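So that you can tell them apart, the chains are marked A, B, C, D, E and F in the order they are listed, and the count of residues begins at 1 in each.
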Amino acid sequence: MAGRIICFGELLLRFTAPGNERLMQSPRFDVHFGGAEANAGVSLARFGHDVGMVSALPDNPFGHSMSEALRAQGVDTRHVLAGEGRMGIYFLETGAVRRPSRIVYDRANSLFANTRASSYDWASVLNGADWLHLSGITPAVGPEPMRAAQAAVRAAQKANVKVAFDGNYREALWAAWGGSGPSILRDILVHADTAFINERDIALITGKEFSSREEAVAHAFTEFPALTSVACTTRAQEAVSNQTLSGELYTRSGVWKSTPHEMIDVIDRIGGGDAFAAGVLHGVLEGFDPQRTIDFATAAGVIKHSIPGDWNLTTIQEVEEAMSGSGLDVRR
Amino acid sequence: MAGRIICFGELLLRFTAPGNERLMQSPRFDVHFGGAEANAGVSLARFGHDVGMVSALPDNPFGHSMSEALRAQGVDTRHVLAGEGRMGIYFLETGAVRRPSRIVYDRANSLFANTRASSYDWASVLNGADWLHLSGITPAVGPEPMRAAQAAVRAAQKANVKVAFDGNYREALWAAWGGSGPSILRDILVHADTAFINERDIALITGKEFSSREEAVAHAFTEFPALTSVACTTRAQEAVSNQTLSGELYTRSGVWKSTPHEMIDVIDRIGGGDAFAAGVLHGVLEGFDPQRTIDFATAAGVIKHSIPGDWNLTTIQEVEEAMSGSGLDVRR
Amino acid sequence: MAGRIICFGELLLRFTAPGNERLMQSPRFDVHFGGAEANAGVSLARFGHDVGMVSALPDNPFGHSMSEALRAQGVDTRHVLAGEGRMGIYFLETGAVRRPSRIVYDRANSLFANTRASSYDWASVLNGADWLHLSGITPAVGPEPMRAAQAAVRAAQKANVKVAFDGNYREALWAAWGGSGPSILRDILVHADTAFINERDIALITGKEFSSREEAVAHAFTEFPALTSVACTTRAQEAVSNQTLSGELYTRSGVWKSTPHEMIDVIDRIGGGDAFAAGVLHGVLEGFDPQRTIDFATAAGVIKHSIPGDWNLTTIQEVEEAMSGSGLDVRR
Amino acid sequence: MAGRIICFGELLLRFTAPGNERLMQSPRFDVHFGGAEANAGVSLARFGHDVGMVSALPDNPFGHSMSEALRAQGVDTRHVLAGEGRMGIYFLETGAVRRPSRIVYDRANSLFANTRASSYDWASVLNGADWLHLSGITPAVGPEPMRAAQAAVRAAQKANVKVAFDGNYREALWAAWGGSGPSILRDILVHADTAFINERDIALITGKEFSSREEAVAHAFTEFPALTSVACTTRAQEAVSNQTLSGELYTRSGVWKSTPHEMIDVIDRIGGGDAFAAGVLHGVLEGFDPQRTIDFATAAGVIKHSIPGDWNLTTIQEVEEAMSGSGLDVRR
Amino acid sequence: MAGRIICFGELLLRFTAPGNERLMQSPRFDVHFGGAEANAGVSLARFGHDVGMVSALPDNPFGHSMSEALRAQGVDTRHVLAGEGRMGIYFLETGAVRRPSRIVYDRANSLFANTRASSYDWASVLNGADWLHLSGITPAVGPEPMRAAQAAVRAAQKANVKVAFDGNYREALWAAWGGSGPSILRDILVHADTAFINERDIALITGKEFSSREEAVAHAFTEFPALTSVACTTRAQEAVSNQTLSGELYTRSGVWKSTPHEMIDVIDRIGGGDAFAAGVLHGVLEGFDPQRTIDFATAAGVIKHSIPGDWNLTTIQEVEEAMSGSGLDVRR
Amino acid sequence: MAGRIICFGELLLRFTAPGNERLMQSPRFDVHFGGAEANAGVSLARFGHDVGMVSALPDNPFGHSMSEALRAQGVDTRHVLAGEGRMGIYFLETGAVRRPSRIVYDRANSLFANTRASSYDWASVLNGADWLHLSGITPAVGPEPMRAAQAAVRAAQKANVKVAFDGNYREALWAAWGGSGPSILRDILVHADTAFINERDIALITGKEFSSREEAVAHAFTEFPALTSVACTTRAQEAVSNQTLSGELYTRSGVWKSTPHEMIDVIDRIGGGDAFAAGVLHGVLEGFDPQRTIDFATAAGVIKHSIPGDWNLTTIQEVEEAMSGSGLDVRR
């Protein structure tokens, strides 16, 4: 059943060097839109859900075009605040052979980072919502986003809105303003119903060491009683463009695993995790059984790797075809 | 020995989304020319044969540029009719990883579909020709092209012009106007000397079921006494861009098979079958023995997968190098 | 320790057909800069060495932009002569699947080919230099460059400047003016401290036959007493874009081999050998032990295959990461 | 005051040859979105009005992207029907010097043309609307759109929704199906409150001859009692890219004229009339006095000539700056 | 009446910097085809005449694509010789404001320059021809082309084929090999029926000084008794992109002048003279009266200034529209 | 005589929307380099002077490519500091018709703005210099650049290095940190030998009102005894792309004016003032008389308007040709 999901996080411009060129090798950039929560939100809107974005954008051509792009994808932008300031940018250089892709961030001092936590009216924003989705990047952006994330999660709990949390620990962002990442993420995870975290995230947040993913997840279920599901992926990279992706979904009843998907000639790996997260949430919202949920989510993640840009510009039908392993020859 | 081959079929514009983008993801299309019979005809002209195209094109910049492109390739366009109307278009989105390529057709109500069968003067067109080549797409385009295809084949028989027929069954085209595809294709196949069909085509056309390709081809040789050769390919797709192609040539004396060619990083799969068909016809025209014919044809098909666009912009020398497995390093 | 290296050779414009298109398939060329010695020089400058180019360039926008590009890379262009004439061009068509890449040269009658050997003042040029680097292409360009190369090598010997020599035998260039390639290369190799040659080069230059690379190199150490190191690579090509590269470094004490590097989805193979040569020279200049030298050089060569254009636009850090096999996932 | 305007008409893809090239001169097209009523609707939405589009689009990537683009601009697409069929296309070649721009239409047999008039539920569509806007192209597309246009206008009258009508007589479209253009447009004009027509339109629709624009408009006010405003432009073309545009607004009280605007280096003239019409409607909705209305509308039309594509991607502020003749130097 | 015209001259590749960039400012070139006689020949073929090109092209992708492009335009390439060598190139930088466009030639040592005069079999080439067209560039390319041009003109005289000669004096080309340009051009002009020359050409060729164009032409008619027509243009440049062009046609009976055409926003001035010459020859071949001939030719020249590339990709209808001063607004 | 000029200021990336598109209209940006002082410095280096840049750049691909581009132009970058931080960006939308070009800045919090004034060792930097050039933008960027600018000017005075100052008052930059622009600029102007200021700058800096430019300049010479020359331009804009530029040079002996240059089809107006300033400094350095200086400077400014990007990629010869009004037709 289609639900209403509120996504809270920063919206970014992405500037990509053409083809496999180095950054600034030739004088051109291709432009896409990004931001972890928006990436997931666009997927969910394309899967038929009612998605509302909460963020802050400058009242300039960049903010306007970001809003327009979200609206084009069917995402409701009524709760995106407008103001004076800059939009965060990230630059992407697409790797090849054995040279990894590389991101250079230019996101400091963005309008989102500087927007006061009190600017968001969570009671109103969450009215009618089923889920609140945010990632560990949101509180890492700065003290105000951190406070806003905390307020959002508390308001969600109050309003019986479930929380989905995507770990996404970014050391450099926390370090930039001295935020104590692990303890803040812990406070958010306490309220989460569904979390996209793996053994490293759990170790970091809980301050414990684990000998396996299973052990870490088991501990998470113990330490975070609200948690009903934990999902994560395993990625192997034989080469920059040849990878294998598989997904795992843990609930308190057991674990479900997708088959591994070999991904040859990966086009764009950015947003793969967000596409996966959206796939899990879609399964949960639609009431899929866990196996179908993890299969759908992993196939959604796989499809993302074939599409330029951060957004998973796909459809339920295409994800289901990828799940079913239907033929790869030209569709006419 | 170089021969004269008449190719009869619709000419199409192809609009391709840039790189691996989704259709309309960014506001640009790259343009190529297509049409199954023209694709084969261009190959044959590049292999040194005298090729004449029979079709109908609008008297506008699209029709003119299509004619110009054919003439540039050495194809004789004297028998391409000009009129008022539209050219069929197809849109191509190039897949990747596990997302197949996708074609959206916009070819209905084209000038070719609406051109009266009586507009073509087959006696004159076939004068001096050795072969008539057409595919199962031509009669599927509509009742007039169907009648024209039937007239062409009858005229060929009368004029002792051999018929080459490429199965290419397109369910959607037949359904669009209610044509009885199998029985019409059967009437054409009856006159064919050489056919590019596999077990599915034969089953469809004859209305019988077969347990193997060999059995199907054996039946075809029985049911169609004029048939001297049947050629087809086997394609395996490990990924959208990694495929394996092999070719088989059946005559009444036996079967000859190419080695399988692993095709890594396929650039453009469209037109691969037409390139193969042209390779077989080249072998037949040149009097190659069956093994050399199927090796040449399969290598020609493989080369096509490395070239953007529908046309196999290659040379006999390059095909022979691919046959001989000569080195893959840079040619200086 | 950073050294001063003088590179002597022709500078070329490279015009590349877009994507994997055939030459002139669509009306556009992408432009890069090339020339074997400049390619090596740019690598060495990027690795922190003091590199001086010796060549001749027309006093027109092409010569100016070539000089500017070298200066941008930190290469000293004071010894590049300016004059009236043309710059050599080469056209590159990037292959795919089983169609090899193809180069069409248009380099005859260039200003460099026509520049009198006496125009170069080698005593001044080599003043303060540690190494002179040139390839077998330089003397092959014509009688004047041949005389200049001979003069350069003699001047180097006189000035106690070590000579690095990259075999690069180009039959077509020698044939164009009737130069006796093997004997002239022999005269240069006699003075070389380090040579980038394999068994075929050695056989050609010495006029002997060898049953193995080891045997050939052993012979070279015998016949050329000044030689202290011989380095070369082994390249296997499973497909045009999937290759395996390994490197070997021979000294009079033994042989050191890199691990083979599988290179998936090669972007640009041109300049790979020059990148490798520069890597070896960097190891020698920095006093790396032979194993580290060959590992660095081979990794540098591998990185080159991921970068469009002839120049290895990389850093020591990236090469070291490739050596250490650190992860291939996106660097943030 | 912002109003709700319903725009009814066909939505078109526009494929433009790059730069000033001839159609098909090089193998690329740039893509924009068009359609006279949508062009006006996008302007009105950007000026802050609540705009609803009524049309029919195929359920394929072209229909989807058109809807997305309208939503991005803030146009409500709830009343755009989805179905199987094709989208109309037009090809644009941009002229220069003394070679006029040229449009080649490929819009026959579109889904919109084939959509039954009964598919639109006008009572529901017009619920809450202030204005219905349509052009003379809509009924010209075919008998079903003609019936739908007639039904829309009748429903508007019933629901006290004002009608804005843009003449746009297209001989070729009417001829294609034998519609009696003038009498049908007359039936629509009878219901119009505001019309974008000039002396030629009035002569054509009324079957009378006039010696001046003033006389024609005076007659229109007599013959069409519902009409309160008539607006039109005068365009002079000194060269393809140098034009002069002025606007005139007639009411029953008088005529108001803009100053003539010299337009140097016109970028894109398509959609200029739609931008002007939207400007007039904006003035009417906002209650501007007639002089300000015609000044705003003409300036809006002028701005359009500086923007690539059919849509007037501007703002009220920019139009007002153009009205006020504020400086033309770079805005920082 | 359509005639057969033989065009003899070098075929060139043109590489143009994108937009108004300086040469090599960004790493890309757009490619067109050129050569004065081919430019005129393409015009004449598009105007319906039977045009044969005589030249020499390398047997490589550049020669092949040039031939293909000529065939696409309907030019017969049977008499284009193939060989080993290079094709001449010219680089174009498009000026703006008060910075003139600039051409850098790289045409020395081309296959055409090196092709022996005896390689052309003029009796066979001119068989059935009505006209031989060549420019003053052809003999300037080198001694062999000079001899070939002389032989062509003599053979034309013998075969009663009229000669059209376009002055095009290129000092730099003559200087490069020491050819005595004026006297050689004089020998050709002696045989010309129609010449595209102005007072400077006449002064140069005859070694006389003239105080006006009229006087110079009068002298030419005296000195060259075979001459029946002299045509030339007057070009004024208010700015690099704003020019005025008018044409004049002199016969022994009088002079006819076109109206001056103001050309605003010139797109591409190269080939304007060749387009004019082709227009004159078209008028002569069709038997136009002198006024219509000069009007047609000048309008053809004007149209060329709106089209990217050397070739005048237009039609008789478009030229006639430009002659008649029909409207400049969008053609639908 | 060539001199050594030290330019101190921020270096910026410029991202330009393609063609005349609105910012973010299609997903691409073209990249150029900018910064007022660097723009002037590049001109001076191209005119043969020894130019040193003083600035701060991030140690990332953007900083590296900026340094490389300066070195390519012959600018010495030894005194460009490297650090951690961001580079300022500005986005440019190119206007047309009556829509002005528009710049959106994203330059706050750049590494340059945050670099401590004490980081620059002015004694060392100015060693051997003849001139220090800086604009009013440098101190406006923030308190540290302000202090650095003040220190630079004081050090210049001490070292007998002349100061050139370009007014460039940017209200928004001063407002952003509350700097008292006028009084700070006054302190710099006190030390200037040559100033690029007009009546508005002088009024602003001195706090006085003037009835004419002459009066203002006369006052400046009175109030600033060190000042020997004041230069400025007058720009009229008939349309966004049609402008007229003239220059004036005031000394204590009189005023010299250039002829007005009509600039048709302006390609890129950014950097025009910096090109003019560099032209004046070139005249001063070369000892031109005032008339030649202002003619050269204005022609240099005019040429800039024909070249994409901030930098005046021209030569002395081209400027002199523009001065002399030599022909505008294609240079071959």
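FYI, a contact is a pair of C-beta atoms (placed from the backbone, for glycine too) under 8 Å apart; a residue touches a chain by one contact, two chains touch by 3 or more.
These figures come from a predicted structure and were not determined experimentally.
S.K.: For chain A and chain E, which third chains touch each of them?
M.R.: Where chain A and chain E share a partner, that partner set is B, C, D, F.
S.K.: Could you tell me which chains make contact with chain A and chain C both?
M.R.: Common contact partners of chain A and chain C, which must touch each of the two, are B, D, E, F.
S.K.: Smallest number of touch links from chain B to reach chain E?
M.R.: 1
S.K.: Comparing D-E against A-D, which pair counts more contacting C-beta pairs?
M.R.: Comparing A-D with D-E, the pair joined by more C-beta contacts is D-E.
S.K.: Comparing centres built from CA atoms, which chain ends up most distant from chain D?
M.R.: The most distant chain relative to chain D turns out to be C.
S.K.: Among all other chains, pick the one whose mean CA position is farthest from the mean CA position of chain E.
M.R.: A
S.K.: Give the pair among B-E, D-E or A-E whose set of contact pairs overlaps with that of A-C by over half, matching residues by number.
M.R.: D-E
S.K.: Please work out the Cα centroid separation of chain C and chain D, and write it as a whole number of Å.
M.R.: 62
S.K.: How far is the middle of chain B from the middle of chain C, if each middle is the mean of its Cα atoms, in Å?
M.R.: 45
S.K.: State, to the nearest whole Å, the distance from the C-alpha centre of chain C to the C-alpha centre of chain F.
M.R.: 42
S.K.: Going through chain C residue by residue, note those that touch at least 2 other chains and give them in order.
M.R.: Expected reply: 22, 27, 265.
S.K.: Using the definition of touching given at the top, classify the network of chains in this structure as line, ring, star, complete or other.
M.R.: Looks like everything touches everything, fully connected.
S.K.: Note which residues of chain B are touching chain F in the complex, please.
M.R.: Answer in residue numbers: 26-27.
S.K.: List the residues on chain A that touch chain B in their complex, please.
M.R.: It is residues 261-267, 302-303, 305-309, 313-314, 318, 322, 327-332 of chain A that touch chain B.
S.K.: Looking at the complex, which residues from chain D come into contact with chain E?
M.R.: That would be residues 19-22, 25, 95-103, 105, 170, 172, 235, 237-242, 265, 269-270 of chain D.
S.K.: Mind pulling up the chain D residues that touch chain A in the complex?
M.R.: Answer in residue numbers: 68-69, 71-74.
S.K.: For chain E, which residues are in contact with chain C within the complex?
M.R.: 15, 22-24, 27-32, 60-62, 64-65, 86, 89, 91, 93, 104, 106, 108-109
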